[in-house]
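One chain, chain A, appears in both complexes that follow, with chain B as partner in the first and chain C in the second.
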Partner chain A sequence: MEAGLLAALPVQELVFFINRGLLAGLIIGSVYALGAVGVTLIFGILRFAHFAHGDMMTIGAFVALICVALFPGGGSILGLPAAFVLMPVAMVVTALLAIGVDRTFYAPLRRAKVRPVVIVMSSIGVMLMMQGLVRLFAGTGTWQLEAGGAKTIYRLPLLGRDIILTQPQALLIGFTAVAAIALHLFLTRSRMGKAMRAVSDNPDLARVSGISIDSVVRATWVIAGALAAAGGTLLALDVTLKPDLAFNIILPIFAAAIVGGIGQPYGAIAGGMLVGFTETFAVFNWSVLLRPLAPLLPDFVEIPNRIAFVPTEYKIVVPFFILIVVLIWRPTGIFKGRVVK
Partner chain B sequence: MALLDMSDIHGGYGGANILNGVSIAIEANEIGVIVGPNGAGKSTTLKALFGLVTVSQGKVTFDGRDITNKAPEALVREGLSFVPQEFNVFPTLSVEENLEMGAFIRRDDFRPLIDKVYGFFPPLKDKRRQPAGELSGGQRQMVAMGRALMTEPKLLLLDEPTAGLSPRYMGEIFERIIEINAAGVGILMVEQNARQALALAHRGFVLAGGQNRFTASGAELLADPEVAKSFLGGGE
Partner chain C sequence: MSALPRRELVLFSGLVVVVALVFSWMGAAYGTRMLVEASCYAIIGLGLTIQWGYAGLFNVGIMGFIALAAFVSLFVTYPVNAAFWGSGAPAELGWALLAIAAGAAAVYAASQTHRLGLPKAWRTLLTMIVLAVAYLWAQSIFDPATTRIERGAGWIGGLGLPVWLGWAAGGVAAGALGWAMGRITLGLRADYMAIATLGISEIVKAFLKNADWLTRGTLTVSPIPWPVPTPQELGFVASRAAYLSITAILIAVIFVLLQRAWHSPWGRMMRAIRDNEVSAAAMGKDVNRRRLEMFVLGNVIIGIGGAALVTFTSIFDPSAFMPLNHTFLIWVMVILGGAGNNLGTVFGVVLVYVIWTMSEPAALFLFQQAASWGDALFGWRAPADLSTRALQMRVFVIGLTITLVLRFAPNGLLPEKPVKYE
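Entry: the complex of A and B
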């Protein structure tokens, strides 16, 4: 009796949907969220779109690669990938690098009171410079962040089938959740977090109140740089490390930040997830889910092998589609971001 | 010796000067009121004092120290506090967070001070968790003044605190200003509602064309027929 009921359930299709749809969306959404939080914070505090953010993620991953090369045994202690255990080092180094880039390139422009678009252009210059530096030292090939050995795979049995998650993917999802909670507590409980929101709200009044704008700017780069390094490292652990690792996803990251409401950190996380899930579901093969219905359908209806909203090659257009749809419905993003003047 | 002494201040936003020799002096715990027609340089005077407009000539001393052209961040630590006329709250921060931001430079426990501000402005206590941007104009003005009080300033600078408020709130804000002053805080404010403001001023300054036209006590200015005719409108 029970066995009969189980057989009637489309378990195989359900598990396929969880693995290739829900989990895949959550994984790429987490990467977008980690990048978009930095982009949105920088926009909120410094009022410019930081185009070098993707390459800051890539550099963070390469710093992690260097750490792994220096301490190859770093991971075995905890049974976790060395790159993950050493990721805090990469986060600190990238945060310092972000502060250095700000002091060298963006701060002089701010002092000269240039228009924001000039700083955007300089961030494109920084982006090209970072890309050049990475290729200069690491070449154009691909690298494995996880030295040797296959990835640990977690299997969670569900009615005889397995929900599959690799260890890097589980770490990515877990880290993003922890980072989101930590960011929330920081922004709502700590003095510096509240000051960041105050500067984002009204920079002139913040200055008049005696809030040190310099330290707020520094805190912004620390958070943005650290999360970028984490996002880059975790993405590189899931796929492979190559010089254009995160430059390729800068457009969905910007779409996530804008969809969520520019300047709104929670919006960036929501936007990252929205873009990640939509992208995944847009290229998901829905015909798999229709197959169990085949016996119920008349003979002349044939279920095609592949039904997707968008062919995989056109995945990159999906974030723009979401961007347009969301902005028609809510012109300043889901979380009511600031109006870009 | 005067708490604040601005003597013969010239300055502006670059280009032509707006201030052409303004002098303001007030003692500790006094209320000073700056009135005058539009474009007289009233707000600019406050901004020049608070380091938001460059002083090209003249000297500003506060509490015996030269503060000419010091940055606002530094002046907050000297015991000055400024409430701008517009955009004077953090709209997405709660009322209480606005007050906490006023106390950003403090490292001590400022909890009692927040309670003191709620004492001055009781309506804020009920709205402490509400974003300041959702409050009415009068309550926003209270948040703005409360925020500025969190540093326990010696002198509070108010730029048109009753601008755009209903007569009911206008009266309430003036009452609070008297109370705050009675608690030992000096006040220097710019006001469009010249009569009401001068009525509570220890010192009044009538500016026109970026210069002092009349300087006397509030009561004297109100009694001066020439001031009444030219600057207070309506006449008696």
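Entry: the complex of A and C
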């Protein structure tokens, strides 16, 4: 009886859906979430859209690449990819770089009390500089972050089929979860986290109550830079490292930050997941899931080979569509962000 | 207007000297080509100076508007493709377009059901369901139609109309897209507009690149018809000079109109809105509507300039549209020249474009030198793709220029002049 029921279940299709739909969405959503947390913190505290964030992720990944080239055996002790073990170095370097960029390019403009949109443009200038530097030193080709050898693959058997997850993907999902919890504890329990939330809510009130805006700004860049480096490294570990990685990723990250509500770190994580899942489901071939139903349907209904909402080459439309819908329908985002006007 | 505008005179005479030097080094054909391209960029720059200089609107999707205008211009002016019109494909495509219109009407109707007393939550749900169904249905009719065009006639070809009509249509199309963008983002923070325009420009590019039935995609279309006799008929210098005269007339007309608008009550209202939105609104100005006006007008001009630029290259290649060349370069031109000063914008465009074209051989030369020095002194082997990397240096320089200008000369070389009313 039980065996008969199992046989009737479309296990193969179900596992395919978990692998190509749910897990793929979770993976890309984690990358978006790591980027969007930084964008939303910067947007909430410094009040501008940081366009150079995608390139900061690329630079973080390249720092990790350099570390791997210097210490190729770095990961063998723990049985993990060298890039993951050396990732803290990349995070520290990128965080310092972020502080340096802020000191050199954004802080003078803030002191001159320019309109926020001028700082946005300055961040576009920084974006181009980072792009130029990365391509100047690394060329325009692709790099492999994993020095030789196949990725370790985890298989979880489910009803006779395997749910497949590579090691970098598992690390990415795990790291995002840990980072989310750590961020939550930092923002709610630590002094600096509370100060950051206060500045995000009301900068003037925060200043008169004795919060040092400078140290809050520094902490913001440290968190944003470190998470960006982690996101870039883990993405590059999962796929490949390309210098133009950043430009394709910046729009979904902004969409995630705005969907989640500007200045809301939890919103950014939720928004990243939302954008990631929507993107994956939009290009997912749904006819795979409909095929098991074919015997139940009348003959004149034919299931096409491909039912996808968006062709893969138009993937970039998805985050944009989400962005437009949110801007029309609820500009504050799902979690009621602060900065609208 | 009392004193001689010495700053303008000095800067422009310097520019003339630089251009003359380029002519003498690189020859007349190269020089005229550079000037024609600079003049097209000048039209685009004037469009941007309306948006940024007059109204403070932040458009980082110039590439998308240029690409759209260039495509529409191509569609209007390219010779008719008889193979397409002779087949059954036009009828099929017509049905597909009707299906899209019907789907849009159904979605609109569903979104209005709250007037019939449906609760808002149900209306939203109903609209979403109707949207998904209508989308899949229209797609199922549209896709076979486009596939048949690609299999049969290849692509739909053009309409074979005069070039000026194509440029005008390109401007209108860019303006229409700008209107849609503006309606959504103008009421919000300027940052949202930046993000949205960046997104739409990538989408326009992705669409033009992949819609093979419409644009031949990566196969590219050439030659695009010119408004003047082509180099094959007249020779390079003469035909390019003729083209230059047309773009120069366009610049002159747009320039005079903008100058008049700047000094008119309308221009004063725009500056008031830009400089103090709250008080302008308190004076009864409809801030968002005026901004939309500016945004659309700027995009129309950007579209005309973009159509002229791509027509001049005489090849339509969707992958050739780059955010660097078609968005950020123009930003550097406008903010370096002086946003809000039409003369400054034209100056900035020509200056930056000359530097931009000259920087390619200069960067290559510098890097070859550095590589040979490095080899001689330290035995350093230059990477094989040194020349492609050297060109990336220009990306860095563009970014550095943006940040430096914003910090040290936020008003540009020829700053905006405050208009005084006696």
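Basically, the second predicted complex is superposed on the first by the 335 of 341 C-alpha atoms of A that agree within 3 Å, B and C clash if a C-alpha of one lies under 4 Å from a C-alpha of the other, contacts with A are read in each partner's own complex, and residues count from 1 in each chain.
We adopt the following convention: contacts are C-beta pairs under 8 Å (C-beta built on N, C-alpha and C of every residue); 3 or more make two chains touch, one makes a residue touch a chain.
In this text the structure is predicted, and so the values were computed from the model without any measurement.
The superposition on chain A brings chain B alongside chain C with room for both. Touch criterion met: A:V208 reaches chain B, while chain C stays clear of it.
In the superposition on chain A, contact is made by A:L128 with chain C only, not with chain B. When the two complexes are overlaid, the chain among chain B and chain C that reaches more residues of chain A is C. In the superposed pair of complexes, A:E313 makes contact with chain C only, with no contact to chain B.
In the superposition on chain A, contact of A:R189 is made with neither chain B nor chain C. The three-chain arrangement built by superposing both structures on chain A places chain B and chain C 90° apart around the Cα centre of chain A, to the nearest 10. In the superposition on chain A, A:L109 makes contact with chain C only, while chain B stays out of contact range.
Of the two partner chains, chain B is the only one touched by A:A198; chain C is not.
Judged by the touch definition given at the top, the superposed model places A:V117 against chain C, while chain B stays out of reach. When the two structures are aligned on their common chain, the gap between the nearest CA atoms of chain B and chain C comes to 17 Å. Residue overlap on chain A between the chain B contacts of one complex and the chain C contacts of the other is empty. Residues of chain B touching chain A in their complex: 50, 52, 72-73, 76-77, 82, 84, 87-93, 97, 100-102, 104-105, 147-148, 151. Contact residues of chain A toward chain B in the complex are 191, 194-195, 197-198, 201-202, 204-213. Within the complex formed with chain C, the chain A residues making contact are 43, 48-49, 51, 105, 108-109, 114-118, 120-122, 124-133, 135-136, 139-141, 247, 250-251, 254, 258, 304, 307, 309, 311, 313-314, 316-317, 319-320, 323-324, 327-328, 331, 339-341.
Residue ranges of chain C in contact with chain A, taken from their complex: 56, 58, 60, 132, 135-136, 140, 184-185, 188-192, 194-196, 198-200, 202-203, 206-207, 209-210, 323-324, 328, 331, 335, 383, 385, 388-389, 392-403, 406-407, 410.
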